[in-house]
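First comes the structure, then the notes that go with it.
Naming follows writing order (A, B, C and D), and every chain is counted from residue 1.
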Amino acid sequence: MIVVFDVFLLTLLLITAFAIVQTPNLFVAVMLTGIFSLLLASNFFLLDAADVALTEAAVGAGISTVLFLGALALTAEREAAPSSNRAIALLAVSVTVVAIIYATFDKPRFADPGAPVHQHVAPWYLEKTREAVDIPNVVTAVLGSFRGYDTLGEVFVVYTAGIGVLFLLGKNTSRRQDDLDDAPLGLRHYLIPRMVGRMLIPFILLFGLYVQFHGEYGPGGGFQAGALVAAAIILYALLEGENRALRVLPRGLLKGLIAGGALLYGAVGVVGMLLGGKFLDYSLLSSNPVQGQQIGILLIEAGVGITVTGVLLSIFHAFATRGKF
Amino acid sequence: MLETLLDILSWLLLSAGGLFVFVGGVGALRMPDLYTRMHAASVTDSIAPILIIAGIMLQAGLSLASIKLAAILLFLLLTGPTASNALASAALLAGHFPEHAKPLDGESKQ
Amino acid sequence: MYYAVSFALIVTMALALVRAVLGPSVYDRVLAVNMLGTKTVLLLSVITFLFGRPDFLDLALAYSLINFIGVLAVLEFFRSRAQHAGPGDDGKR
Amino acid sequence: MELLGLYYYWVFAILLMTGFYAVIAKLNLIKKLLGLSLFQAAVFLLYITMGKVEGGTAPILARGSAEQLFSNPLPQVLILTAIVVGISTTALGLGIVVRIKEEYGSIEEHEILEIDRQ
């Protein structure tokens, strides 16, 4: 029965994707991307990926719409006429679709427990998590401990992307600071959204912290929490204007957060080395190896959360202070 | 006995909620202009969560899940109408007036 | 019974999606996004109970908290555009 | 049932190529980025689909019940981080588009190429 829901949602997903590509109005395309994200998160949830769905929720609903709208405000809302090589593109794409669909007949049956994917490391992770890390959420254990290098790499990709956006848009903003001060920015004159939004911000922050520190027991972790906290601050910036948000979390502090989180992650690894183990080996952080693993995961998740918050907020500010949005 | 009663009550609430959700969807699809569509969507978006979440809460009993459900309901009831209000403000701000109504004097010339 | 409610929710999501694809104005799309958001929250809460793992309600909670940031961003988008384009530019499309 | 299972992979194929179509056929740079994020979403969907195990549940060990079937946690870990990386890189792309708009006054590929040729 769940499969039927899933098929339905997947079909809706496809329709949304076609509409995104088809519409000439970019604003509409961005709104449809929001729908796409909702449907995608529902699908992830139906496919047992609660953590992934939570990430998609935090990023898709809170961040990506805002970023795309910020970019649209700085560029254009409509696209010009489509290109002339549409027929060729359509042909190439159709041929590839047919080829991939042909290949799917050789794939293992959907949700087959005997599929090759499930044979190698996954059972080991599921089994070892209980004795080596002893936290309920296997995803967090794999993310933080078993595949800690991977996550470190991802954190540095996020870090690099944040630095890149700051390089591209950080300098010579088109509007000066005092100009920003004068403009009645934000939604200060819209009483109802402002009041309700202000009421929600502490709850979003609280929920972000809950997701951060409950990530070992339920769906959650640093990536989701970082996106949620960033969403809360973005909400504040939308309601009260860029300036006040920047007064709460100035740019310098955000840069500190970006670097600090990544450094915290790296430092945990180095401490493991100094204590005589391998890089990112948390077992030595405490006299009890299992407890050491838990402390290590807690610390690196904190680092991840800090970096993600800093990067997403810096990106938002870079777009928002640049132009009229 | 009490359990059956609770079950029946929660099924009733759930189906009523489902009905309202569906009616809201039809309204949002069939109504003639933006503001009437918004009306259909936002009113049912307030009643349907109350019914559905109340129905689930009866099933969940007194537990952490119930508290979370209550929080979800609270936030939905806060944000739903606010979002409708913000959307209507945005539409009015961009000069999108109801089709079948005359704009108020004084506000028509912005 | 959970199935029936989920089914109603999914069908309504489809209806909202039709509204989002048809338009006609951009605000209809925003309305549809908003509707779909509420439906998704409800669908996720129902499905957590369908799965029998109510500890996953966090996801619905996250959506119920941050869904309307998008709508506020839209309001801010139009507000700042109206402010900069000046009155008279009525953004009808 | 067999076909229903394959439907996931078909959706992946069509979604992937829809995104790819937007990247190669559309001239608007933001549209290209939207296409890229569709492409990305398709890959996410494929991974998560492959991680699903029949009768399994999310890989969060419930207290008490030891013998339970769980879905594969590994694809979930990969995709979880990829989503956040995806939004960061998309933002980087948007930043480049904004700079292009400021320098060239356009975000349409053919107009930019035209200006470059002059």
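Convention: a residue touches a chain if its C-beta (ideal position, glycine included) is under 8 Å from a C-beta of that chain, and two chains touch if they have at least 3 such contacts.
Not measured: the values here are computed from a predicted model.
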Top-ranked pair of chains - ranking by C-beta pairs in contact: A-D
Length of the line joining the C-alpha centres of chain A and chain C, rounded to whole Å: 19
Centre-of-Cα separation between chain B and chain A, whole angstrom: 28
Distance between chain centroids, defined by C-alpha means - chain A, chain D (Å): 12
Centroid spacing, where centroids are CA-atom means, of chain B and chain D in whole angstrom: 31
Multi-partner residues of chain B (each touching 2 or more other chains): 75, 79, 82, 86, 89
Where chain C touches two or more other chains, by residue: 7, 13, 30, 32, 55-56, 58, 61, 65, 67-68, 72, 74-75, 77, 79, 81
Where chain A touches two or more other chains, by residue: 50, 72, 187, 190, 193, 197, 200, 203, 218-219
Inter-chain touch pairs (all): A-B, A-C, A-D, B-C, C-D
Residue ranges of chain C touching chain B (in the complex, touch as defined): 1-2, 4-5, 7-9, 11-13, 15-16, 18-19, 25, 27-28, 30-32, 34-35, 38-39, 41-42, 45-46, 48-49, 54-55, 57-58, 60-61, 64-65, 67-68, 71-72, 74-75, 77-79, 81-82, 87, 90-92
Residues on chain B engaged by chain A in the complex (per definition of touch): 75, 78-79, 82, 85-86, 89
Of chain D, residues touching chain A in the complex: 1-2, 4-22, 24-28, 30-31, 34-35, 37-38, 41, 44-45, 48-63, 69-85, 87-92, 94-99, 101, 106-111
Residue ranges of chain A in contact with chain B within the complex: 187, 190, 192-193, 196-197, 199-200, 203
List of chain A residues in touch with chain D within their complex: 3-4, 6-7, 10-11, 13-14, 17-18, 20-21, 26, 29-30, 33, 36, 40, 43-44, 47-52, 55-56, 59, 63-64, 67-68, 70-72, 74-76, 79-80, 82-83, 85-86, 89-90, 92-94, 96-97, 100-101, 104-105, 107, 109-113, 115, 117-118, 121-122, 125-126, 129-130, 136-139, 142-143, 147, 150-151, 154, 157-158, 161-162, 164-165, 168-169, 217-219, 221, 223, 226-227, 308, 311-312, 315, 318-319, 322
